[in-house]
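Below is one structure, written out as structure tokens; the observations come after it.
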Amino acid sequence: MLWLNLLINGLIWGCALGMVAISFSLIFATTRFFHVAPAAVYSLGGYLAWSMMKRGAPEWVALLGAVVACGLVGAAIQKLLYERLDRRGATHLVVLIASLGLAAVMQNAIAGAYTSNVLQFGLPWANRTTSIGGALLTNTQMLTVCFGVLSYLGAMWFAHRTLLGKRIRAVASNPFLAEITRLEPRRVHIAVMAIGSAMVCIPGVLVPLDLGLQPFGGVPMLLTATIAVIAGGVGSISGAFLLALVIAVLQNLSLLVMPGEWSIGITFGIFIIFMLFRPRGLFTG
Amino acid sequence: MSPYLDVTGLNKRFGGLQALSDCSFKVAQGRITCLVGPNGAGKTTIFNAITGFLTPDTGHVAFRGASLDGLSPQRVVRHGIARTFQNLRLFADLTARDNVVAGMPGHFGEEPLGAIFRPFRTSRALAGKRAAALEVLANVGLADRADALVRNLSYGEQKLLCIARILATSAELLLLDEPTSGLSGAALTEVMALLRRLQAEGKTLLVVEHNTRVVQQIADEVLFLHQGHLMAQGSPAEIIADPKLAEIYFGGAL
Amino acid sequence: MDFFATYLALAEIYVLLGLSTNLLVGIVGIFSVSQAAVFGVGAYITAFLLMHSSTPFPLAILVAAGLCILLNILVTLPSLRVSGDYFVVTSFGIQLLGTAVFTNWTKGTGGANGLPGVPAPIILGHEFIEPQEFLLLSSIGMGLGCLCFWLIMRAPFGGLLRAIREDELAVAALGKSVLRAKVSAAALAGAFAGSAGGLYATFLSFIDPSSFDLDASIFLLTMVVVGGARTLAGSVLGPFVLLALPQILALIDIPASFAAALRQLIYGLLLIVFMLFRPQGLLGERL
């Protein structure tokens, strides 16, 4: 029954990946810039929560605190870096390079402050298991699934039912029109970066509960999530989440035939296949 | 004898919008044909369909008897058709002369191996192209601006440069997308004179034009487009005299 | 003196490598963080040929360059179908995949422990062991690279690449093949990176994955950005400036584990600062 375990692991991992994918999808569809910095925000979230817990904060306070802090960091990045670049008429390439620079600064600042060794949360409850329909799930895994599904539902509700969400979709579909109709894309962009960064923080805390913290885990995660977004169709939240699940399951099932170090190959293979046969993704309007 | 440019039964749908609807027309060699019609009538879409930037849902385009269906933009140019863009699309960081050089055919020096292993031949090819580019610039009256960066040219000069750049491709049929828009006074007269001169040099011109005065003065033939369909075809006088077309064009304002 | 010669030889190798990044990022305008992986492939192939066969050094470099040309074309091709941002994904993907291969394919690459004992280059019976001697080779490599770069940039090909960077559609409308030009540029970049890799492996005689990872690609990008994108002068200046930085940091007394992070942090900071305040770098043109 190894494959069943791998399937379940894949779905759980997919929920974590899905949150990163939704975050990236939100940011990319709105700003149309490819931001690398969320990879570092992902790492930052986990370390912040860890620090707060080591200082005696209860787990849920630490998670909430980290989410809020990451949201603020996201808003600050947009306001202090991207908006300035935008005002100077920077090209996509310039923004991308600056974003990569920021990711390098943040990740290495973390590595400098916490060392680049793996840190464990060491929470006994996190690894306690419950049997659900014959499958053993840890509390961390169940939390990941809950948060993943909630994030997906929340993102759908937010995008389609709230005023800000509708504004974001308006800005995403036509920035010029949004500008002249006073939707204030600048403020919308800040909001999007804040929300996206807050969301990427959740898996940033949950995944290390299982695997431990490391400063440089964000880049492969973001890359995989990006591939899910592109394969799902840019702008489609459902597409991003669904493809995140599919990719995560395929990554896990691939363990049946090859060692885990090569899973980046599987992910990248999926991307190449989409590029060749369906470059616009599955769910495109 | 087959017609010079033959467009038959073009259809193109964008989502809910029928951009081209069974659009057919012919363009005769050596003439200036103006494409007119209200905004959104599909004029630029026709240009895109002819030059391979857009694949029509159905329909055919043939030039000098050869089918252009399914060809990429760069192959269409090799058949002798070149186009300008409404929003110019010049290379703003390059000089006027380098913009024209970029349009020149002749492959030598355009791949790295030749450039590296035959440096002297490359030098000669480049010198030849630069000299030829100067001639093309002189033809449109921009010889003295050859080494200016495009971003420093006036709008009128940029418009002329667009034409120079496609002349460099040595195309026979020129598709000009609003060559006079945004121009007035001397600049306008200059472009109109240039178009006539090009005709005298043996070029065939298909021109999207909004200014009825310009149409009257330069067009041999007018194609009136409405909702992606060819409504009427005739001399400028005939088209302008037709009250039904004026009604469509000016939306009843007259 | 050895110390200074080592610095010069390394900087020259990085100039050659920087030309490859400058060509892709600066001239054609496609973002690339995978040139370190291509550099690594060049290094490992050269090392393999010299260690396991009697291939003469110049031929080994040529083979490495040739394979890197193929690799770079292959890497570039899929993303030519859809332009722009998707190339970013391909580029990151290739880089991570490269690192995975260098680290995990233990048989071929020695894995994370690296590959020691790469023989020094021998040309016409002379062995280039000392840094001062190797300096001659790296100077020739850099000189040839710079000459090629200069020759293509003054040729119509250079103009075509600059035009592509500004407006691909307009280039196609003039009857030029954008695809062909981009593939040619990618091939050239592959040749630069591959031969730089060969020089690097034989100079240090030891290679491991850490020289060819994402951080190395970021370092490479920083060299091009600081020196100045889009010009030959910028590509030459960048490595000499940035390779001096670790030497300066070494003067300050900080623990080794912290130094690596600090170095990388400074590279990132330089990227941000230059993008904000001086996108043309020291001697380049505006990106």
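Here the chain labels run A, B and C in written order, and each chain numbers its own residues starting at 1.
Note that in this section contacts are C-beta pairs under 8 Å (C-beta built on N, C-alpha and C of every residue); 3 or more make two chains touch, one makes a residue touch a chain.
No experiment lies behind these values; they were computed from the predicted model shown.
Chain centres here are means of the Cα atoms, and by that rule the chain farthest away from subunit A is B.
Put simply, the chain closest to the centre of the protein, by Cα centroids, is C. With centres set at the average Cα position, the gap from subunit B to subunit C is 42 Å. Averaging C-alpha coordinates per chain places the centre of subunit A 47 Å away from that of subunit B. Rounded to whole angstrom, the centroid-to-centroid distance between subunit A and subunit C, based on C-alpha atoms, equals 30 Å. Remark: subunit C residues 148, 151-152, 154-160, 162-163, 166-167, 169-178, 180-181, 184-185, 187-188 touch subunit B in the complex. By the touch rule above, subunit A contacts subunit C in their complex via residues 28, 34, 81, 84-85, 88, 90-98, 100-109, 111-112, 115-116, 219-220, 223, 226-227, 230, 259, 261-262, 264-265, 267-268, 271-272, 275-276, 279. Every residue of subunit B that touches subunit C in the complex is listed here, in rising order: 51, 53, 72-78, 82-83, 85, 89-94, 98-99, 101-103, 105, 108-112, 114-116, 119, 122, 125-126, 129, 165-166, 168-169.
Subunit C makes touch with subunit A in their complex at residues 25, 29, 31, 33, 78-79, 81-82, 84-86, 88-90, 92-94, 96-97, 100, 103-104, 214-215, 218, 221-222, 225, 257-258, 261-262, 264-265, 267-272, 275-276, 279, 287.
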